[in-house]
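Each in structure tokens, the structures are laid out below.
Below, chain A partners chain B and then partners chain C, in two separate complexes.
Moving on to the complex of A and B:
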């Protein structure tokens, strides 16, 4: 049966048969059980890794003389424990969902790109620059998001094209392009695009209060959250459920096979890197449209780099990027409370993040092992023997 | 199988065991929670401080943290501090978190970039909370009434530092490492240079702009390049002067400090420095707030008002130099000193302050400064 080749962690397709034999029934039951196990595995392995990291961090806290239980209780209060805290977490997670895509999508093609930061910064700058040329709130908002996304997309597509057509290493080029993007931002904001009224903090002309994006209905979280959620779902569908996504993943799986099958590998690379940049550029445009109302040095936030971590922990799966972004948002939201209540330095949160990343990345080696490893065929065999 | 997944596929007994363990953990946890709440007796006044960098940066943030530490000694005051908060949504959420979770009613978000839009937005949301911001942007009628801003004329300190630097220098060549060519920074460079040239008309100040507030690598490169040009006194306007001060000491040149006291980093070469004295400003504010009195929405001061102080003179400062610097300081203290007294030319030869014109510290023209005075080697862009 075709169960073994089902891609990723997708649910097992149930073949329709007119009159299943007992053997077939047994196999189907076994397949169902295997699918349940895979689901448990995909929750238990990262879950176990998180618990392990928390235990380790608890030991660290105890060594520094703090009660680990009290620390975790405060962390929970600061990230998910109250309605305010949960919104705080979501707000911090929103930009990470988008910047994660800048790394996650190219990763499916086997490209390690770190250019989310640069694409985001330029997306924000372009959005602020274009805002002054439109005059109704709807057109300003649309133009900002569109242009921000396009500029971010073109920025990373450039790196993608260099990779595809000239063989330039995409990791190095995107990393260096980040510095160029930040230098461009500073140059333009302090020079040609500077609002003469911004004296001690050089910024572009403000986009105006009427043109700002508001809050998500019923939440104290701006619309960026909806864009983040939407983008992750749309790109997951694109990568997992379309021919285009299959082709892109094939490039990542085996580039020679893709070439032999006549796939337009270079075009795929440029398009997917464009889409990644589009998401990051959108994140920048949203920062300007929903928070700052102008572009200045505050756009350089490091969200692009945090997005890289989100993408890797989510194993380049756009849908998995959502909970991971929320987890990181929660750590960010509770980090402040740790500083304030326990008088811990800011670096404490970095220690926790480091432990989490390390243990999650190490936990990858547990996939497909021991209890989880029993594959469909083996289970079916065991069942068949038992039936006999 | 059972061994590795006891809770999911195990027997009833093993499930019960797991449930007991989890229940005990949760019980301990909630017990801890309760005692924690009980310990937190209602505080009279909770004050939140937000810093953009580390509290121990030997600079801008440390100066504010010292102010906060001074408040912590007052009765009936509880301090909550958070460092490394970027000028993004993060600072809005930090302020909200301090208000919602810590019960803060007075906030000191100390970075310049926190004001617009972050403080303005939060002040609109939380009308019962007072937001006092360092940097000086409050405009009557335009901004919410629960917002105030304070700042100091620290260029007075730089003027005195300039005198000490010029009299101690053997080459008459001084160096200034600055973050950005914005009015606040230009004013420090100009006051330092005017101070230096008031005692040594041949003195020059060579300026290097690094482009950002915290760029340790560029600051070190700039310091090395200035020292290689024969400059023997360095000063700076960056968030953390630590790297520059340490490097000056290692290369055997003199240095005057900024923001906070860095003398421990350069016991031989540290001459003096322009320091913030936020402890005084914060204590005043808290006294006003605790007494329920109205406080000034726009608060300014220099050496005279105690907003700014000078680091104690270092070993390398001669008695004659101390005398001249003290004389200038005395004139600041009695209010007779005017730094920007015409005629003043910029370094391209253009007159920027006409003869007979006096621009006192409160003059708004100084807040829009876009020139470097004669004697400064460098460009504003």
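Moving on to the complex of A and C:
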């Protein structure tokens, strides 16, 4: 489904002594060319789709009576143009890197999961509850992140288990779980976990200044960014460079082949969905520990849904999710400026995101088209003839 | 009136009032899925329908023109979905999610100036004329769209079961290859089915803004479009069962407000989450790893 796993055209291992025949040389050249082609494609296709969406959004702005160039100029100023706005962008990119993983990792298995929002909300709530209502044997900061991640992980692993053992559609179940998570948050911060002093905005007790995560020295960007970067790198290594990741990608590539090879498909589904939820739960815990200092309705930010978009643009690649999260964090950061300067509604950012999403999905159809490079098989044939 | 009667009345009234958008969206999704395609984006269509209906009703003074516009907006989104999905290698589940975000975004963007002004509402008749209690009468307000929905339920069933078009749609949904061999254009049939489904979902949205809750704001829909998609699975792709399921969901959605109206306020948010929990419980109970679901179009089975 969707993001297929490209089968690497790895050159066949040769005995060291035997000199490669011309045909083998040609094959290797073709494989190299195919790799180059894939690299060009993997940048050009999403890049083209992003440009197309920006053009479309420009037309939309023009039709609704704004100068598109002026809008883009302000968007740049509000996202990357000044040091202040770039720090804001990075601050928003951090949770997006983590919520993107909640969709990207299961996507490698062929599952479309949208539960990042709910896992993030519950992760944040659990972190605040741990910091304010329990004595922890380890440092409070560590306990918050640990418990937040675990709660988020279990939440999505539940949806994964329902998919694996019961065949419940994971897309619908995770969307429903988002609504249920938000209801749980509202119920708990207005009831059992409420800080009596929080009058206008019901919240949990504050976690205390001592337990807040600080910022990078000299910067206005909190340590969550490091967690986001680290998680993306670790999960990239896990998915691309380990046997576990290979097995998971095999499930996504061809589930029948995976079953025939005796892979524990159901266990893989539960573990990978747990890891995705772990990342999203961590995002919620970081928001509480680094920004809000308490859990309340501010946790419902839509970062979960933007994370879905990040995952799809990055084609489920955790490393690609880093620049994409920064791009979308920038779009989000510029929203406030657009509202002030052009009197645009706050939904402007959502319109642009929707267009980006549609454009990226349509671009899937352009992979493997001829204009990127000559057909691989033909190249191999021509080279073989030339060598003969 | 005792508290229990109050709650029961609230739930029954809610079943009639809140079920209408569920009914329209689920009928639309049922139609689309019978042709072998899933449109997860009907939540976006619902919100677009609500916004455009409210805007047109406010500008022209005619709520029915608003309903029609909502339907047309739904057709446009449905056509976009079908076109994108007909491209090779494009994932229809993902397109649905994208259209959901896109539809909601565009509706909030264009609907910003509509928050505040009052638009003419759709007419309703009270089926509670026999009662002297104002509560009973207001609970039994029956909107014209609910009646149209009832007619549509049997209309869609007739279309699917008894007409040539319905047969073609079901053929495409059961086996695209057979339909192609018989000379039918699979992509085109699905295009029409998705457009028709979009029309119904858009009309369902107009009910939200033009009758109940009866104004346009950004919190208008709380996932009804999404639950309706899950509801089609529960209804086994049968329009009449969609009606029954919609009434059940309407009642479940009314439970929170009904309890609150008689003074039960603790756990308000949890009661409001009843429809989501119910949907989840239902899809868990009705799903099965081992066997295919009765009534499910075979083309969808392969997609899973």
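To be clear about the criterion, the second predicted complex is superposed on the first by the 329 of 388 C-alpha atoms of A that agree within 3 Å, B and C clash if a C-alpha of one lies under 4 Å from a C-alpha of the other, contacts with A are read in each partner's own complex, and residues count from 1 in each chain.
By definition in this document, a contact is a pair of C-beta atoms (placed from the backbone, for glycine too) under 8 Å apart; a residue touches a chain by one contact, two chains touch by 3 or more.
Keep in mind it's a predicted model, so treat the numbers as computed, not measured.
Trainee: Would chain B and chain C fit next to each other on chain A once aligned, or clash?
Mentor: clash
Trainee: Taking the superposition as given, does A:200 touch the first partner, chain B, the second, chain C, both, or neither?
Mentor: first
Trainee: Let me test your reading of the model: by the given contact rule, A:215 touches which partner, first (chain B), second (chain C), both or neither?
Mentor: In the superposed model, A:215 contacts neither chain B nor chain C.
Trainee: State whether A:332 touches chain B only (first), chain C only (second), both chains, or neither.
Mentor: A:332: touches chain B, not chain C.
Trainee: Touching A:362, do we find chain B (first), chain C (second), both, or neither?
Mentor: It touches chain C, and chain B stays clear.
Trainee: With both complexes superposed on chain A, which partner does A:132 reach: first (chain B), second (chain C), both or neither?
Mentor: A:132: touches no partner chain.
Trainee: Quick check on the superposed pair: does A:345 touch chain B, chain C, both, or neither? Answer first, second, both or neither.
Mentor: both
Trainee: With the two complexes superposed on chain A, say which partner A:186 touches: chain B (first), chain C (second), both, or neither.
Mentor: both
Trainee: Based on the superposition described at the top, state which of 6-14, 222-230 or 312-320 belonging to chain B clashes with chain C.
Mentor: Only 222-230 shows clashing C-alpha atoms.
Trainee: Which chain A residues come up in both lists, the one for chain B and the one for chain C?
Mentor: 186, 190-191, 345-346
Trainee: Would you mind writing out the residues of chain C in touch with chain A in their complex?
Mentor: So the residues of chain C in touch with chain A come to 40, 80, 84, 87-91, 93-95, 97-99, 101-109, 112, 218, 222-223, 226-227, 229-230, 233, 266-270, 272-273, 276-277, 279-280, 283-284, 287-289, 303-304.
Trainee: In their complex, what parts of chain B are in touch with chain A?
Mentor: 1, 4-5, 8, 28-29, 32-33, 36, 48, 54-55, 80-90, 92-94, 96-98, 100-102, 112-113, 117, 135, 180, 182-184, 211-212, 367-368, 381
Trainee: Which residues of chain A touch chain C once you look at their complex with the stated criterion?
Mentor: It is residues 1-4, 64, 112, 114, 162, 165-169, 171-173, 175-177, 179-180, 183-184, 186-187, 190-191, 305, 308-309, 312, 344-355, 357-358, 361-362, 364-365, 367 of chain A that touch chain C.
Trainee: Any idea which chain A residues touch chain B in the complex?
Mentor: Per the touch definition, chain A meets chain B at residues 40, 67, 69-70, 72-73, 77-78, 82, 84-85, 88, 91-92, 186, 190-191, 199-202, 222, 287, 291-293, 296-298, 301-302, 332-333, 336-337, 339-341, 343, 345-346, 370-371.
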